[in-house]
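Look at the two complexes coming up: chain A is in both, with chain B in one and chain C in the other.
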Partner chain A sequence: MRLINTLRKHKVPYLFILPFFILFSIFQLYPIVWTVWVSLTKWNGIKQPVFIGLNNYNLLLNDYMFTDAFFNTVVYWVTGVIFIIILSLGIASLLNYNNLKGKGFFKVVTFLPNVSAAIAIGIIFSMLFDKNIGIINEVISLFGINKIGWLTTVKYSKIPVIILNIWRNTPWFTLIILSGLLNIPEEYYEAARIDGANKIQQFFKITLPNLTDILFFCFIILTVNSWKIFNESYILKGPSTSNMSLFQYMYQSGFTAFKMGYASAIGVVLIIILAIVSVVQFILMRKNSEI
Partner chain B sequence: MKKFFSLLLVCSILLSSFVIVFSNVNTVASASSNKYPEGTIEIYGYGQPQYFLKYYRPWLERNRDIAPKVSIDIVQTEGAADVREKLTMSYVAGAYDDLPDAFYIDPVNLVNLADGGLVQDVTDFVSSLTDKLVDNAANDATINGSIYALPESVRPQMLYYNQKIFNEYNIDPERMNTIEGYIEVGRELKEKSNGKVYLSYIDPGSRTWRYYGRRGLMPQAKAKIWDDNGYPIIDTDPGARLAFEALDTMYSEGLLLKTAIFQPALYDAVNNGEIATFYIGAFWDEFLRKNCTETLGDWRVMPAPVFKSINLRGAPVSQYIAIVDKPNAVYSGLIKKMWYDFTFDIEHKEKWVRSMVRLDAPYANPISVEMLKDEFWEEPSIFYGGQSFRKMEKIALRNGAPNLVVTAQDAEADIIISNELEKYVAGVQTIDEAIKAMGENLRNKIGKVEVIK
Partner chain C sequence: MGYIKARKGNIIVYILLGVITFISLFPIIWMCIIAFKGTGESISGFNSLWINNPTLKNFKNVFEVIPILSSLYNSIFTTVMGTITTLFFCSLAGYGFAKYQFPGRDFLFYFIVATLLVPPEVGSIPLFIIMRRLHLINSLWSVIIPKAATAIGIFYMRQYIINIPTEVIESARIDGSSEFGIYLKIIVPMIKPALATWTLLTVIARWNDFFWPLIFLRSTVKHTLMVSISLLPVSDGLSTPWPVIMAGTTFAIIPVVVVYIFLQRFLKSGISAGAVKG
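Let's look at the complex of A and B:
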């Protein structure tokens, strides 16, 4: 009764948000529920699914390919968050420098990697990292270093993926951080300079605190994107599962091995991971805001 | 009033009769005209399927009497698995209008599509023609006694060798008639060239299993992945061990250049005279001709080497074109007609092949026994220094090994096996460890499969 009264009293705002929830239910909630159901089946995508309970999850827990893909993705996540945010912050700070000449040109150039076709860039990177004819090995050979099988050895195969991921995503986050920098009042810096603060002190005392919310946003987006990394590891495929991402393994399970149930189980695990990470992030964000 | 209603009734009866007669006339006319409706035949293909259009489009022009406003389009996909993915997704979604009319496919993926009812049964059509086709042309498309695809090509495993290199180091290519001799030649090449010349290549990815394993050494070694009851035995099967140990010998002794196939680095190595041979399917011809023009006239081909103790040549690799079993599949008959002429029409097939040669484009020997008798299929090949590649392709099919048994789970099995082989190539594990892991992972992840007879 109380709910009904509330709905009657505030029916207008509820009606305005109703379309979103209808679309959410159709295109997100239902697929998630359906995915959970499929994850409990054995299904090749064509014949009728056969209910097998939690067998897919049991199999998943004992599957070294899943484990490898999971830890690879963790590596991509951690390296992505660290390097992309640091690089983005550094580049954005440089672009925001008042005395920078040709600022517009540098902004455009900085953003180019983000608008390049992923597949095309991947092909170029695979040539760059080729052991026999890649330019990277040619360069390091000049310094007396033996050629490295970047994409043919388990030890190094994640490195090209990490570099490509950083290279492609840094521009976008640079843009976001730059917009945050532009919103910091110049008066803060003037006051700091009057008080004798140097550039480094200004950065840590003024810039960073004012970018906290922006950086948290970047962290959240990067986390979600990292757990969904696919193109980079798909194109720069290394030996076996040495640099395979979890999303890529899900794709392979579903559309190469045609084990839809198993792929759905991986998908459910991904959803759970993202949900947990997101909740933790929001809790930390809330605590930080309270401080 | 009575007169009015009587007149109305008479008119109604007359009008109904007219409509019925007119409809019958149209029906009879439609049935007797036998013309295919306006539209586009859509076919999914992979590799370089666009070159088939140079046959199919002229064919449609020649057959406007039955297909006056029909066109054709071939959609390039990434591979057989991609074809299967697209078909599956459209089928599951009920988007039958998005399904193509036909698609090129391999045996591994055809099994599942046939089992799921996505392809038409063409047994009656093909079985009446089997005596006109090369041996085993429809074998890999035959599932539980029914044929589910039209055979498009049957190509053998072959051995390509650079005669110029063999002349330089004074090595007789005939020694490569056996795999044991092939390995000995590799050792000699390595020694005489001070390590510059490799016997062949090894791909760090999944293509090692595809070309050296499933399509290559495994069938020739009479290897088995599954026993007759469907249980994995790849780790205990003597044939599998023979095949993998042959590969291990070549790789561990440094006879194989580790580089991805179909990539510039490999072509550079070939053009620089660093790779002496290729143990691979006949399809490699088109890639060699197109990408290694600096070696024009240097290469020769011979049938795949045999294991001494088994004496079987390379297993044939068949490609098929399957017709989609979908509602309102109006072009099924037309596709069969196109396939029939592509297979048996000597004049236009040769014309198409000549255009492919001019373009350095892919083509395969015909699967028609009668067509193969024509001397056209023994013409010398410029790229092979005057040797007739077509003739050698025909010869290489003799005494071919049976292909590995294909099951509904072989797509997944290929992933599992290839993963272990990739780790072996990467130096992470020995061949023994790889073989053992293959068996364990097949049992853990797949268990028992249904062996299709």
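Let's look at the complex of A and C:
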């Protein structure tokens, strides 16, 4: 009775959020929870699922394709975090440079990579990095380096994927960091200048400390995005598993090999990794802000 | 002295920004150059950097390689419907969260925000099963509906609506507006900048989406542009019809770049409001 009374009293807001919640629950929450259950079964998606406990996870541990994909994704994640954060900090500082003419133009143009489709750019990259006709090999041959089979050799095939990832994602983080830079009061810099601090000191004493929250936000988003890299490695295929991402392996197991349970186990591994990363980050963050 | 030093600094900044601009634009411009090259012209190495006899033939040939018209239609339909539905569901619920007091409000909201850390792609296998049971596989709605209610969308809308003065809503209520009428006639016009930003971001995301169309749209006539493009016959070396393929990718990139250039002025204020004030 009390529940019904509450619902009646607050009918309007509940009605406003209800359509959202119905869609969100059926198409986003429920599938994620269901994934955990599917990961404990053997299932081809058609017959009845058979409960097999943690067997899929056992299989994962002995599957070289899984460990390859896992390792590749770690490489994409680490390179992505390092390069994207450094580059976007640099580019944002440039765009924030005082009395710069054409700021608007540069902002619009440098954001374009983030607007263009990863799949299409991936195809363009596969031509740029082509061993025989690609312009990348032409450029490095000017420096006397032999032609490299970027997408045909195990050793190099991750590089185009890493570059595409950085190229496409840096602009978005530049925009976020730039908005953070604009929020730092100009007086801080004035005071530092009066105290005789140079540009580098200003950067480490004022800019970075004031950006901690935003850099933390960037790190989390970058981590989530990196662990679900799919388009880049799907389109820039290397030999065998040389650049396959974890998420791509999940897709392959589920939608081309129809091992639904196995694929779901990979999905659960992804959820666990992201949970650990965010908990660790959260703890570090708490510690930092206490100091 | 100081003046000269400042100018020197300026020049370095301009040079660096020039390099970044070049790197940002190069793949796109280069794609356009290749797309206009005739069959006889070399497309390899530095020869690919200029066009001697521009031709439109490649764009005609794309039609033979992939069903570009139906793909274009499917992409436009899913982008437009996907954007409209997201704007409606997220702004309506965002308004509910921003301007009403009700039991469970904070819990529900933070619960949604917490799910931001779990990519929905993780649940793609059950979602595929759900879509099959709803008979939506190979229906364009299968890529529209799941993205109509997103955690990030409701978060963004709430952040924006919370800044609207509550007095405006109260005076409309005193004037006898219905609650939904307030949303439609007061809130929607007031959050136009937020809607514009979110339109731009959603259009880019929907148009470029590849994973969901790839798993849900399995028949050729239902493919979106991105799926069709991914099926272009790319292989190693010269056997690949690169000019035709570049004409195909042009269809995928240029429309959304044009939309972006027209609407980008909404982006600066908008995206940062959602990301930073959180």
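Heads up, the rule we're going with is that the second predicted complex is superposed on the first by the 262 of 291 C-alpha atoms of A that agree within 3 Å, B and C clash if a C-alpha of one lies under 4 Å from a C-alpha of the other, contacts with A are read in each partner's own complex, and residues count from 1 in each chain.
Please note the rule applied: contacts are C-beta pairs under 8 Å (C-beta built on N, C-alpha and C of every residue); 3 or more make two chains touch, one makes a residue touch a chain.
Bear in mind that the values here come from a model prediction, so they are computed numbers and not experimental data.
Student: Based on the shared chain A superposition, would you classify chain B and chain C as clashing or fitting together?
Tutor: Aligned on chain A, chain B and chain C clash with each other.
Student: Given the touch rule stated above, what does A:Ile133 touch, chain B (first), chain C (second), both, or neither?
Tutor: In the superposed model, A:Ile133 contacts both chain B and chain C.
Student: Let me test your reading of the model: by the given contact rule, A:Trp167 touches which partner, first (chain B), second (chain C), both or neither?
Tutor: It touches chain C, and chain B stays clear.
Student: Just checking: does A:Gly45 make contact with chain B only, chain C only, both, or neither of them? Give me first, second, both or neither.
Tutor: Both partners, chain B and chain C.
Student: In the superposed arrangement, which partner chain does A:Ala275 touch: chain B (first), chain C (second), both, or neither?
Tutor: Touch partner of A:Ala275: chain C, not chain B.
Student: Which chain, chain B or chain C, is in touch with more residues of chain A?
Tutor: On the superposition, C touches more of the residues of chain A.
Student: Could you look at A:Ile124 and tell me whether it touches chain B, chain C, both or neither (first, second, both, neither)?
Tutor: A:Ile124: touches chain C, not chain B.
Student: Kindly classify A:Leu151 by the partners it touches after superposition: chain B alone (first), chain C alone (second), both, or neither?
Tutor: A:Leu151 contacts both chain B and chain C.
Student: Considering only the listed stretches 3-11, 21-29, 93-101 or 309-317 of chain B, which one runs into chain C in the superposition?
Tutor: 93-101
Student: Does any part of chain A touch chain B in one structure and chain C in the other, and if so which residues?
Tutor: Residues 45, 127, 130-133, 151-152, 255 of chain A touch both chain B and chain C.
Student: In the complex, go through chain B and note every residue touching chain A.
Tutor: 81-82, 84-85, 88-89, 91-92, 112-113, 115-118, 204-205, 258-259, 263-265, 268-269, 408, 411-412, 415, 418-420, 422-423, 425-428, 441, 444-445
Student: In their complex, what parts of chain A are in touch with chain C?
Tutor: 6, 10, 12-14, 16-17, 19-21, 23-24, 26-32, 34-35, 38, 45, 91, 94-95, 97, 99-100, 106-121, 123-128, 130-135, 137-138, 151-152, 167, 171, 175-176, 178-180, 182-183, 214, 217, 220, 224, 227-228, 230-231, 234-235, 247, 250-251, 254-255, 260, 263-264, 267-268, 270-271, 274-275, 278
Student: Please give the residue numbers of chain C that touch chain A in the complex, ascending.
Tutor: 9-10, 13-14, 16-17, 20-21, 23-25, 27-28, 30-31, 34, 43-46, 48-49, 89-90, 92-93, 95-97, 100-103, 105, 108, 112, 115-130, 145-146, 148-151, 154, 179, 183, 204, 207-208, 210-211, 215, 226, 229-230, 232, 234, 236-238, 240, 242, 245-246, 249, 252-253, 256-257, 260-261, 264, 267-268, 271-272, 275-276, 278
Student: Of all residues in chain A, which touch chain B in the complex?
Tutor: 44-47, 59, 62-65, 127, 130-133, 149, 151-154, 237-242, 252, 255-259
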